[in-house]
């Protein structure tokens, strides 16, 4: 079963819901090593995505994702706004004109999104950022697909890897973003951006399961 | 035994001591219905009197008292500075040229001091100010002397009357000074200025006793 | 007590030392007795304006010394009025022969110390007038109290009268103008937190986390009422309406009569505000309230004035007459005429108010 | 949380409404996207300066919009960087054809949002340069972090570059000057109390009654160390010496190359202070610290500079770059040359900085 435009819209709605639920949790994480707004930022951004969505729902997936990216850019602010905004905009470019996505298409789109994050934020793996959740997730998905897994399986693998990557940020010293000012004092705290990235991946896997059932 | 110039100097030193001891008490009273500085003000003022005293100690009583008054005026500030300052300066005028004082002279000096306070502050009896301690004290002293009492006795009467006047300020509504802004809320608190006036009178009585002994 | 100070007893001295180092081209500071005066004083032919009061209200008054405003300011200890020798020495320093106006906030201590200073200055041959500022509508009656306190209107009177003196008004004219500013200005303040007098070391009053004090003075004096915290709009409305709906206020103050050369009791009445009035709106931080909140207050104040038919023709927004680090705000409305607007706009060059030059 | 606000989510909107009502002759405010701009924009032939950042630092940046300083300011939510659409729309509004300089404080969020905005503006044919301000010596190394934060020097850069643009410097010259100001400025701050972000409702960090935080950022970020409260003199010495004894600081920042028309990595080194230097000394309140304490700090700072052979040729003292109601202070020293002094003295007319006109 390919991914359809309405799946993508539904995904964005689900993400908005998940982030609203996790607003305080993400903010709590950010208050330890940042400025206590990551949950607030992400929630504000996806509420804006919800507002822009109806106007493009009948368009192609590329347009929907680009619109989401622009909605994020123009409402999140902070570090995560340009990062997630660029990610969705690059994803939209990779999906330009498409109305259906196969598993491989989704992988390519996620790779484009990650490239966008890296281009914008220039973080390296291990810098204690969202990259530490996104990179292993996409690697795991690629490997699973190469080994013949189906979309649901591949996204399960990605989710597990994202979760592991997210947890692995705990002992790291932050080298990018606001948390880097803390130096050693950033050790022992989970990165909020890696956590929101994990939630974004996990929501994909959950949707795949729901669709299969 | 008449009051000598050195008695007057000693009196000022004693007052400085008494006010230093009661600095926090007076400030506490002022914090309830004023701005929490009466003890600090009076202590600062009499410390300044102590500094100016040596230069005039061999002068006449009038000069000593005027010097004390000017020392108060130029260091106390607030309401009590001009009031006590004027009181001492007027007292000094009344004692101009004198090197000894009989009981009647002291009464005249105190009357002059009170007149100074009234002229400067224009308070009426019952306005919840220092006047409420000073007026009955001087009245009592006058009456005692008229009835043939000696200085010590007369000052004891004055002290008792001052204390009574001071306590009688508790139920009053303040009509002068900072406490008057409180209106009804000033009820139930003893006036700090009436309290310092009582201490000034009481110190006179204590000295008279000490001298007699 | 959390403050950036050294010893509490050195606060005023060190503050003045800092000011002297910071603004040598504008002001000079004299120590013992303490007063701040214009670097170019005395200014030939100009009436000199002197104000003063307890410290802890910065920038008032020291920050307002300079061209177009005060000639000298006499700072007392924190929240304690200065002593007459300060005002006397300041008067001798800035007097150019055109006379001195003492602008005095209506607190018993300030009034009496300035009265003594005026008598002393006159004894030295200096012509002195005094005007009392008593604009705080939080104090209700005047018959049985020391009357209304002097608060926000003081700042406005210093600016307007300073400009007038600069323009060549003589002593009588400046005094008259100052009286006019005073009776046309009304203020009301509130506090979210207490302040801490350095020498006392602990907050002057306690307010619970959900309480505020309405009708506060500038010395941490308790206010008219204590109540549950409200929104900025509700608070603005309370303060603004207390001011706008205040009725004619009559009191008697003691002024020096320049012609009769004696102290006289003068009765004065503040005219109430009326629709059609032009006003200057002054939103003042008590010290710890940041600018972002003052703009939120100003926004509502503007709306209320509009509704009441008052046109805001000028405004002043910021910390100008403070109570140490107290969080809170005061509002002053001053009914303006053309003369006052023109004088308000005139150039001023002081450490804390500066425009037109 | 004790604040004079209505709903936390309306703070920025209502603040901007208040500003618009307060200063109609100086600024205009555009809503959705939010930006403040000069009432007379675009100014013909002049390079336009735009800055921005999270709200909560008032008067920075909105209070610095006007003649001789910024052409526009883009306020984000409290402590959250603004979004590129704000900077883009602001650029379109104030661009006169002479190009735009974005002055950007070095926070990952600000940097990335301004970069996107610059790319978007260029796509619309507007010439844009960007200069990063990174002057906070509390952040030690730059190799493994996002580098030093942009703090007090930002205010000074906006004033100096604003004057230069007014004088006719072209975009490249203004950008070069801004870079010069940045590498010659260093800052360090401390807090006595935390601030409370309205949306969060509780203090960002907790400090005991006898503790302070040294090396604080302007968003309530934890500082370099927490320690027992010290005297004003000791605190001033800690801050001043961190600045004066800071060694050459080298970092790489991403700037737009106006000639090559691409993003390039530029390495820059701050020259350390040396005896004989002329400096501008900026003593800044974090919002809740009153002026009286700033003068006590300035007094000691003056003494330390003198001892170190630094001559203070200009100063700025007050709340200019704040953290809501936080009590605390920051010190900035900016090494000045003649060009900078002249530009500093040039006329400026904005809501919160005004002289010479």
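Should a chain be cited, it is by its letter among A, B, C and D, assigned in written order, with residues numbered from 1 in that chain.
To be clear about the criterion, a residue touches a chain if its C-beta (ideal position, glycine included) is under 8 Å from a C-beta of that chain, and two chains touch if they have at least 3 such contacts.
Just so we're clear, the structure is a prediction, and the values are computed from it rather than from any experiment.
Each step here moves to a touching chain, and the least such steps from subunit B to subunit D number 2.
One finds 32 Å separating the Cα centroids of subunit C and subunit D.
The centroid of the Cα atoms in subunit A and the matching centroid in subunit C are 57 Å apart. Centres computed as Cα averages put subunit A at a distance of 79 Å from subunit B. If you draw each protein chain as a dot and join the dots that touch, you get a simple line with two loose ends. Applying the touch criterion to all chain pairs gives A-D, B-C, C-D.
Note for the complex: subunit C touches subunit B at residues 33, 54, 76-77, 79-85, 107-109, 112-113, 115-116, 138-140, 144-146, 149, 197, 199-200, 204, 217, 219-222. Against subunit C, the residues of subunit B that register as touching in their complex are 27, 31, 34-37, 40-41, 44, 73-83, 85-86, 120-121, 173-178, 180-183, 185.
Of all residues in subunit D, only 2-6, 11, 14-19, 21-22, 55-56, 58-59, 63, 192-193, 209, 212, 229, 231-233, 235, 287-299, 302, 315, 317-319, 322, 324-325, 327, 329, 352, 354-357 touch subunit C in the complex they form.
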